[in-house]
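Take a look at the structures below.
Next, two complexes with subunit A in common: one pairs it with subunit B, the other with subunit C.
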Partner chain A sequence: MNYREELLEILQDINSEADYETCQDLIGEEVLTSFEMVMLVAEISQQLGISIPPDQIVPENFRSVDVICELLERLAEEE
Partner chain B sequence: MVTNVLEYLEASERRSPDKTAYADQNGSVTFHEFADRARRLGSCLARRRIVGKPVAVFMDKSVAMIEGFMGAVYSGSFYCPIDVEMPAERIRTILGVLKPAAVLVSENSRERAQALLDGLEGNPAGKEADARPQLIVAEEAYREPAEEKLLGEIRKKALDTDPLYVLFTSGSTGVPKGVLISHRVLINNMEWLEEEYDFGPEDVLGNQVPFYFDVSDHDIYSVMKFGCSMVIIPPELFAFPVRLVEFLNEHRVTAIFWVPFALCMAANLNAFASAVPAYLRYIFFAGEVMPVRQLNYWRRYLPDACYCNMYGPTETYVCTYYNLNREFEDGDSLPIGYACKNMEILVLDEQNHLIRPGEEGEGELCVRGCALSLGYYGDPKRTAERFVQNPLQNAWPETIYRTGDLVRYNAFGELEYLSRKDFQIKHLGYRIELGEIEAAAGAVEGVSACACVYDRGKRMILLIYAGREMSKKEMTAALGSRIPRYMMPNRVIHMEELPRNANGKIDRRKLEELWT
Partner chain C sequence: MLLVSYEFLFFLAVLLALYYLLPGRFQWPLLLAASVLFYLSGGAFAIVFLITTTVTTWFLALRLEAMTERAAARVKELGLSGGEKRAFQAAVKQKKKRVLIAGLILNFGLLAVLKYTNFFLGNVDVLFFGGSGEGPYVDWLLPLGISYYTFQATGYLIDVYHKKIHAQKNLARYALFVSFFPQIVQGPISRFDELAAQLTESRRFDWLTIRLGLMRMLWGFFKKLVAADRIAPAVAVIVQNPDQYQGIYVWIGMFAYMLQMFADFTGGIDIVIGAAQLFGIRLPENFNRPFSSRSLAEFWRRWHMTLMRWLREYIFFPVSTSRASQKLSGAARRFLGKGAGRRAPLYFASVTVWLITGIWHGASWNFVAWGLANCAVLLISQECSPLYRRFCSRFAWTASRGYAAFEVARTYLVFCMIEMFEYYSFDVVFSMFGSMFFGIRPWQFSGELAASLGLSAADWIVVGLSALLMFAVGLAQRDGRSVRERIFALPGWQRFFVIYGLFLAVLVLGVYGQGYDASQFIYNQF
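Let's turn to the complex of A and B:
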């Protein structure tokens, strides 16, 4: 399943200023603050029903929209 | 008797010159290296006749910034940390109030600072060319020698009631307020920490709080007072629980002074599922209400640590504290406890009658004692409104500070925070006057009326406005030049007309009912 659109909607709600489509380093470029990252994890759990285990909440899995989508797809398959 | 915070630094430098004092991502400094740089910086300022004057420190959060603070103190001046992430307009407003004699920068913040100063309307320090704030680059100042004699002469004239720093907090009219803190306030707080806890050189503090927030003083000054070390935690780690715990363990962090929000993030992300911060023994939190559910998460994984809820607006510093000594159920209210040493809490009802422990009723928390702030910088009117004569004392002048916080005593005789009397909120650990956001939104073209309300449950700031309808993106872009990111509304709601009460004022209660 592709979560791209839902994910973009969640991200827009958290911070409407950012250009998520092109950004390849959401954390390094400080597009998302740490608080917004926590909100993102909470919203993914609430809206998409995917609970991200703590050991998967690492910068490598949250660099860009594409990378987050891959993580979500992997977790959804495992579930 | 200690009268200047530098005495703490110098004592630690004498005891253990080669021990690590502070560390950040760029490396660490020993006590001697740190004090030496601060003295060189202080001498550089003093040679330029910057003595007893405000010094703005405009740097990214780093060890160098703390060196900048102490450099200002060595010159007999007082510092003002500036958040470099703030919108330029807000920084200029602050500089306009502060009128700094110098702006202290590092090589990598120099250009940004210069652009800010160039953009100042008029000259903040007066019309004379030589009254302009001087831009001092720390790396250049370090190359100048320290002048012990000059610094010694300055110290001789210093009093413990002299200002140490000024911190700007959100102001309800849209103009931030500068709260002046004296050396005495800090010394009083350090003596309280010494009597109540057992910090020592082996302790390592893990700093989370920004340096423009007074809770960070406990990190910065405990290092000088107790000879311990402090490491700045990279802020992005708070979103990555496993990495955060690894960092705390790698640096053997034993004590933290964090805002509750940071503790909550770790709990919400189940940070301790695979490993715990094994060296932590002191967990202090301050700045907003700590939710018990998340606190219980910490207590479950770290049952032997000492947990302390500290309370106090910047104007009163930490004035009450509560060391957790019993269990609390999720949803319980955590007490703010008892007065710190050398401070007294007066709970005054609307008729200024004193409510005592064991008595029912709620009142405003008022504070007396030597740890009160000196007042608001350059603002005698607002100072006179909040720093007032103790109504219970008619025999001599005695100032108390009215916090605007409503409290009561619980069955244990402990103070409990209830709510605010005004529209100040605590959001993500930041103290925010909703009026400041409203003032910024009111200045956006097309907005005819607006109000902010806070949804405490969801931790969201809601901006409700009337006038020309615009997208959230358009509104936040317009607000971005006026207010910092942490004040940005999470929801922007357009209404044809805002509800008003019988007096014609915007009906906030109605807005809360409608939208939270």
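Let's turn to the complex of A and C:
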């Protein structure tokens, strides 16, 4: 399943002015801060029913929207 | 053995000679022996606690890895798949979690008992005996570096639990990771995957690396001996007498205190990182020009970075994704709406982290208040960020250098003001705020009161010039290039002038002398 649309919607809800779609280094460019990461994880858990374990909350898994989608697909498969 | 002592320099020189004379396979055992010797020099008994932490985390990590391997083999052997496999893995995870929790309780329990017993007894005294101060207080010495090595060792245990790294089978190699002598004093707190392999590599003498290490140490000595220790008496006088030193003195005290803390802590870390570099070991950086931050959140990403990384990875994210957080999020969503549901884990995890950060910095309610004040400012900033972004997009001048400078000054001021909670009760802090803004009379800084700060005009000039030099180095680091490498690339006489100038400054302007206790580093007390 592709979560891209839902994910973008959640991200826009957190910060409507950030350019999530094209940014390839959300963490390095500080588009996504650790506070926003926590809100994103909470929202994903509530809206998509996917729990992201703390050991998966690492910069490499939140680099871009596509990378976050891959993480969600992997976790959904495991669940 | 203090990092700023002749004993330490002698110890380092002998060790360095031996290290590069010995064949590679003996180098890391030598570092371990030196680390044990260094630790013993601070008192023999404390090493019992270091050994306890080392052995328990080493043993439990091995046990965790064995459980993981056995479970994988069992899944293969029984040909489990789908739901059966998941159920089996969940059961194994529960068992592993129990082992991990046992290790964490044991080690943080030790830290808590040794560091916080008097804090606990003090509260009992106030609650039940009216705070007479005559309660049954204990007289325990805090083992050197206990907060740092406990965090480093438990971080390793958690990483093995999460299968991020493999457990170290060799106890001696692991013991070196926990006790490596320069960093055990005041950090930085390293991760196993970034440090352990470096410690046991064999190395050849490389003059360039040694030169860079020595230069870093020299810069650390300058900050500590010339700036931090020279301003220290004035800071102590102002901080201890808030009722006497009002108005302009609050500002002077605040700037002097921050200068002392910055020079002391970053200077100490420079010495630690430089000393490790002499052996070809690269420790993680702990600071990234913190006073150029434009917000408090950015400041905390640049100050004491390895502690904040530890708290983020091992407390903030796990708490925010815990079952309790998820329940809180669900309840907040049902009763207060979607936004509250999204924020609930953030608030819960932030308050937890800042309570821990506060109490880590000191066993008193003042530090709890300091932690919560930081937390409040960070969360309010987060809530205001959409408004702030709109404000910035509307007014072009917010992109100017002047506005950036204003933001840097504002962050500095906010941080300094929050620092006051470490020392004073709420009423004193608020009276000082009032006096800072409404009670300034510049002419107050003269006469007897100014003289009572214990610094001569020459001292103020030395402190001022040191601050300017640190500021200039900070500016030179803006592009990310190493200042030391640039100094070594200078033509001969210029290089000579800079290096020997700094060396002479430490010798001539450093605070030494009889009766002077080459003062402890502020961050040694954790």
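Just so it is clear, the second predicted complex is superposed on the first by the 79 of 79 C-alpha atoms of A that agree within 3 Å, B and C clash if a C-alpha of one lies under 4 Å from a C-alpha of the other, contacts with A are read in each partner's own complex, and residues count from 1 in each chain.
The working rule: contacts are C-beta pairs under 8 Å (C-beta built on N, C-alpha and C of every residue); 3 or more make two chains touch, one makes a residue touch a chain.
Bear in mind the structure is a predicted one, so any value in this text is a computation, not a measurement.
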item	value
Partner chain in contact with A:Glu43 - subunit B first, subunit C second, else both or neither	second
Partner chain(s) touched by A:Ile27 [first = subunit B, second = subunit C, both, neither]	first
First, second, both or neither for A:Pro59, with subunit B first and subunit C second	first
Overlapping contact positions on subunit A, where the subunit C interface meets the subunit B interface	16-17, 33-35, 37-38, 41-42, 53-55, 57
Complex contact set, residues of subunit C against subunit A	162, 164, 297, 312-313, 316-318, 320-321, 325-326, 329-330, 333, 338, 341-346, 349-350, 378, 382, 385-386, 389-390, 393
Subunit B contact footprint on subunit A (complex, rising order)	16-17, 27, 32-35, 37-38, 41-42, 53-55, 57-59, 62
Contact set on subunit B toward subunit A in their complex	235-243, 261, 265, 268-271, 273-274, 428, 471-473, 476-477, 480, 485
Contact footprint of subunit C on subunit A as seen in their complex	13-17, 33-35, 37-39, 41-43, 45-46, 51-55, 57
